[in-house]
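A, B, C and D label the chains in the order they appear, each numbered from 1.
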Amino acid sequence: MTIEALLAVTVGVLFGAGVYLLLRRTVVRLLIGLALVGNAANLLIFVAASLRRGVPPIASVGETAPPASAADPLAQALILTAIVISFGVLGFALALTDKTVQSAGSTDLDDLVEEDSS
Amino acid sequence: MLAALGICFLSALGLALGRRWCSRLSPWWVSIPSLLVFGAVLGVPQGAAFRWPWLPELGVEFGLRADGLGRLFALLIAGIGVLIQVYAAGYFQGKASRERLLALLLLFEGAMLGLAYSEHLLTLFAFWELTSVASFLLIGFDHGQEKARKSALQALTVTSAGGLALFAGLLLLGWIGGTYELTALARDSGEIVSHPAIGWAVALILLGCLTKSAQFPFHFWLPGAMAAPTPVSAYLHSATMVKAGVFLAARLTPVLGEAPLWTPALVVLGSATVVAGGVAALLQSDLKLVLAYSTVHALGALMVLVGVGTPNALHAAIALMCSHALYKGALFTIVGCVDKQAGTRALSELGGLARRMPWSAAAAGLASLSLIGGVAFAGFTSKELAFKSVLEQPQTQGLVAVLLVAALSGGAVALLLGYEVFWGRAERLFEDVREAPPPMLVGPLILSVAGVALPLASGFWENSLIQPALRSVTSAPSSKPVQLWYGFDLVLGLSVLSWLSAWAVYRRHEALVRLGRALSFLPSGTQVYELFWKGTLGGADLLTRRWQNGRLRWYAVVTVASVMAAPGLQFSWAPGLPSAGGTAVRAFEALPVVSVVAAALYAAATRTTFAAVAALGVVGWGLAAIYVDFGAPDLALTQLVVEALTVVLFVFVVQRIPSAKPHRDPWRLAHAVFATLVGLAVAGLAYAVTQTTPHSKISDWHAANSLAEGFGRNVVNVILVDFRALDTLGEIAVLAVAAIGVVAMYRTKVRKGVEP
Amino acid sequence: MTVLPVVVPLAWGAILLALGARPRWQRLGSLLAHGCYLAAAVGLFRRVTEDGPQASSLGNWPPPFGIAFCADALAATLVLLTAAVAAPVALFALALADGRWERQGYHALVQVMLAGVSGAFLTTDLFNLFVWFEVTLISSFVLLTLGGGKAQVQGGFKYVALNLLSSVVFLSAAGLLYGTTGTLNLADLGSRPIEPRDAWLVGLVGVLFLSTFSIKAALFPVFFWLPAAYPTPAAPVAALFAGVLTKVGVYAMLRTGSVFFAEATGVWTPLLLALSVPTMLVGVLGAVVQSDWRRILAFHSVSQVGYMVAAVGIGGKAGFLAAVLFMVHHGLVKSALFVAAGVGWRLGGSYRLGKLGGFARSHGLFSALFLILALSLAGLPPTSGFAAKLAAVRAALEGGHGWIAGAMVATGLFTLYSMVKIWNEAFWKPAPETMELRRPAPREMALLHLPLAAFAAMALLVGLGVGPALPAASRSADLDRQAYVRAVMGGPEP
Amino acid sequence: MNSLILRTGATFVMPLLLVFSVFLLIRGHHLPGGGFAGGLVAAASLTLYGLVNGMGAAKAVLRASPEIWIAGGLGLAVLSGVPGLVLRGSFLAPIWGTLGGVKVGTPLAFDLGVYLLVIGVVLTMVFALSEEGQA
């Protein structure tokens, strides 16, 4: 088995588990699901941008550039940005969840049916 | 032209703004704007034109041109407009809403004048819609009453439905013809009517004309619109707006007269309207409804004549349009006088008012004589012309029957209004009833007298009004001018026949009214209309409740499924997964991967929330290990700390949340299957991407220039703070806002209800 | 120049944040900030109108390696629209402000959101677009839940959950795109050949982009978040959202589709056309059955996105012109109508039509302004709605999409019906006895009317063809891949 | 979390971690680290400190309210783009100079802004979410 296939499967499992959690009835599960799919998307970018083992994109002293075998730096920058963004958003979503539970008096998503259409 | 329109709109605005001040003025003074408009309309020379690039990017022009038809129509609108506004000012004397009514009438008058003068199809449409809006506001004038609001809505939806059809039709016509100029279109009529899409255009345009002019089967809105104050009904629903459909049909005759569907549709639906309106008129006992239905059948007759489309038929149609506007306007205003003075509109109660209201009686008598087609009245002349025009061609002779129905019904209505109300017997004596005040009498008297004066001045009528109008509709001359008397011929016989039968029907009117009540179980147009809305609203309600049902889980399933389905379409392209090989797994690498997978599955499966949160942390740390393994220490470091902080935040919240009751969840299995499918699809996608052709990436440049240009050895960091610093700027803005949000969230207490 | 509409509000956001809970200073700062933003937008618009597309690279790093901004007619028009919507809404917010939102950072959040929206309009980089989407989103999350009412929190929760899902899709799509093509710059994508073996994958990624844009734009079948969220927030917030949020999604479809994805995916245009009709109909049918002022408006927003998307799908000069014009029209008028709903709430104390009434008698000017705006939404001449509807229906008919034209026309009728419903209930119906008509001070009344009057004036000017809207829409419709690539990447004139 | 060992541990570890975070920030341009990682580590150390000693103590260490850190960080990041706009006509264009033999430039100021902001943001969230429970 290649590492590409293995990590692709991992991405799939993370997405699958995330989506499953998204659809559960408790609000916190929904957030865990969102966090999981967020992680999955990051790993997806990482896998998609080609995998290079072990060599970080850092130019060692005396060199002008990282070695050609180094990992893709841009993908890492993108993922870093994405990790931090999803952390911020998740923090807000947690606070919102807290308030939602307080307002509805329930952790059951199916109780949040303040009708959207009446 | 512009002067006329300008005076209308500006004085409407002025009246609306200065209504406090104007309310002190007498009826005569507040009618001055309408007189000015009338003067301006009189002063419009034949062929005057105006163009202004309105929406040039869309090919729309504000184009006006005063041809014969437009001038005649404008003259009717403005002339009757003056009389109606004097009348309305009298009718509403002393009421606070008088100025509002007059302002709306002026707005409406402006829209109608614009319609009459429009040369550009879309200018015409704009005014067309404006008349719908103005009439909506006028019908709903007494908006304190629910009936008025409902009727206004009904009139607006029906005419707007037609208006939208007309809109599409006009756009099609403009596209087919390559221009929206009426004159240019008429020039290319031959090519236009042979275009394959012309049938659609004709059908859509006719739909607009038919709804506006209350033709069968859309005629029901007109009687409904009688909820409007009588001056409004008199103006809109007899003299002007309802004629807009006929006017437009006449306008387009030079363009579409030869088009398929045009003649049959107009003749058949017009005839149906004559019959439906003619019969319905006789079954009513409310004077306004009698008049409304009688207007319907008159409009039907007009449509039939326009549809026949021969020069003589068009000639008759124009003559009939004039005479109908005169007598119907007069009768409506008189009904208003009667209603206001006697306090009722019920035929069964009214009678013998001639002694109390002599002037009204005189006007009603004259107008009725015109309506019944009394010799030497305008109504007679135009009716004779109509009969003659259909008789001259063998294939249209059958329409005589239709016109006879119209004449019969019209005659009976004339007898009811002109005779029964004023001379007939009634149980009540109406001792205390007085004649209407002068402003309310001027209009009916002038209109009814004009019904006699016009034929007397038949030369003026023919040469100055009808012929110019006719020339703008057809190039061929008509063979029969308007006259006072056409001699003894078959047509006169038909007239006599209609008089006699009208008399017979009139004698039986009470029986007919009873019949009308008995027939009221039949579905009326209004009921069909209401059924349509009920059905639509019911369906819409059901759809909306089912779809937007407030359940987040449903929303999420549909969203995820849609997102997954869309790329599925693309798989038809997939040439099978290519293979660019890969790197073999080393044993120790499997460890973080396995822990990530196991933790993710555990998070999904566990029933304890804390355990799920912990599993989330494990997933994060496993990912960090993977990142380290593949040369991303920055990522790993960040992921590690972020995941720890995420878990801490989760724990803060979870410990506060009351532990969930164990839910029964029938969807568990289905969701598991769904999630598995999603996971499989994403895994396939991820794998496919790793197998794409290797190629150059923009990151090669980043790696090469990081030290030289960005003075940093860590390429990732140089990208973050320099090459793509803007991403980072946006990202920290996200963080900042999220923090503000968390603080704001906790600073307020949850309240019931919606906030400002 | 091109980055000013992003940097200026962002800087103001930081300043307003630092000002803290000082309502007076916040209000003053907010007015100044809106003024600066408007100036930046007008400046950019004029520059683009006079000198053609303006491109600049952040930090002078050459595209596609750095992040490039490009303001062509389309982007500049939409930035100007955003400013034109935001400024009156800011006045309206001042009328309603009672110090509570200020303390929670309302004004700073609005600025950050404006920065996000402008960034989304101006950037040429797809990952950067993701970042601006997120900036817009998080600000909208917080704005939506300001005040913390029960309905707000619950509506907000759905909004947040669904939009986070769409963010994940966007992020994945951006990552996959980079993985398959090695670039993120839209113009770069549009100019380089795709390896034929990978074409299907690029197409697939394109469709993923389309799905995430569809969620942003509130297209059928994924518009749930919009009717759930729009009827709940504070009145100025709803007005601002209605004016700008969905436009970002439609813009992204228009931009990325015309430069790259429409061709790369093959199904882009057919999908837009196919989804536009149910979007229009389901949206408007949702609107006709509502009895809450803002719910009606919210469902309308969905149906009108259908118009815009249909126009994008029809494409060509006529279609794009219609799409842009519709965005401009809808931005102005829908914002205005939400402002009107807020005014109704301020005066009558409710958004439920059953609890309102009698405004026609008690507030003549308000009624007249509402009527103009309502008729504009329904597409009656001579308002902006007529121009927009005309452009759209005409593009559909002349493009041979009779059924779409039919759907547009039918939607127009139902739109009119539901707007008249509001009019009949809140304005014509006598005020119910339970309604307590509030009488704000004259200064507040003026502040309540001023934005409405400004919006109504703009709607009329657009509809009369006066002013920059139509020429700008027309220039925006010249969406030419080559020109865009040239503007961003540099290169010789052809 | 009241064990004495933990409390003492956290109290000692916190300054060490803070120093480490600054170290990460400074070396970030050349080696793994940078504003994000540094800020996160600093925030995490204060979180740990707060968990053990009470959030009030952590706030005291921070001195200014986290909102000020956020505003300052965002402001610094935006400001660091301005010299480029003025001198090189492009927002965020890097301007470098040498100070005491070390190359310094606006990107480093930008990174510092990120660092400050991340500390402020994380701690704001931590304080808000934890306090609610005690209130």
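As a working rule, a residue touches a chain if its C-beta (ideal position, glycine included) is under 8 Å from a C-beta of that chain, and two chains touch if they have at least 3 such contacts.
As the structure is a prediction and not an experimental result, all values here were calculated from the model.
Farthest chain from subunit C, judged by C-alpha centroids: D. Taking C-D and B-C together, the pair of chains sharing more C-beta contacts is B-C.
Averaging C-alpha coordinates per chain places the centre of subunit C 36 Å away from that of subunit D. Remark: subunit B and subunit C have CA centroids separated by 26 Å (rounded to whole angstrom). Between subunit B and subunit D the centroid-to-centroid distance comes to 61 Å (mean Cα coordinates, whole Å).
With centres defined as mean CA coordinates, subunit C is found 28 Å away from subunit A. Along subunit C, residues 10, 13-14, 17, 58-59, 127, 131, 134, 138, 141-142, 145, 148, 150-151, 153, 157-158, 161, 165, 172, 176, 178-180, 224, 227-228, 286, 289, 299 each make contact with two or more other chains.
Residue positions 30-32, 36, 67, 70-71, 74, 78, 81, 92, 94, 118, 121, 125, 128-129, 132 of subunit D each touch two or more of the other chains. For subunit A, the set of residues touching two or more other chains reads 22, 27, 30, 40, 42, 44, 46-50, 56, 58, 74-75, 78-81, 84-85, 88-89, 91-92, 94-99, 103, 112, 114, 116-118. In terms of which chains touch, the assembly is arranged so that all chains touch all other chains. Every residue of subunit B that touches subunit D in the complex is listed here, in rising order: 633-634, 637-638, 641-642, 644-645, 648-649, 652-653, 655-656, 710-714, 716-718, 720-722, 725-726, 728-729, 732-733, 735-736, 738-740, 742-743, 745-746.
Considering their complex, residues 67-68, 70-72, 74-75, 78, 81, 84-85, 88-94 of subunit D touch subunit C.
Residues 1-32, 35-36, 39-40, 42-44, 46-61, 63-66, 70-81, 83-85, 87-92, 94-99, 101-103, 107-110, 112-118 of subunit A are the ones that touch subunit B when the two sit in their complex. Chain contact summary for the complex, subunit A toward subunit C: residues 22, 27, 30, 34, 37-38, 40-42, 44-50, 74-75, 78-79, 81-82, 85-86, 88-89, 92-93, 96-97, 99-100, 103-104, 112, 114, 116-118.
Against subunit A, the residues of subunit C that register as touching in their complex are 127, 131, 134, 137-138, 141-142, 145, 148, 150-151, 153-158, 160-161, 164-165, 167-168, 171-172, 174-176, 178-180, 224, 227-228, 286, 289-292, 295, 299.
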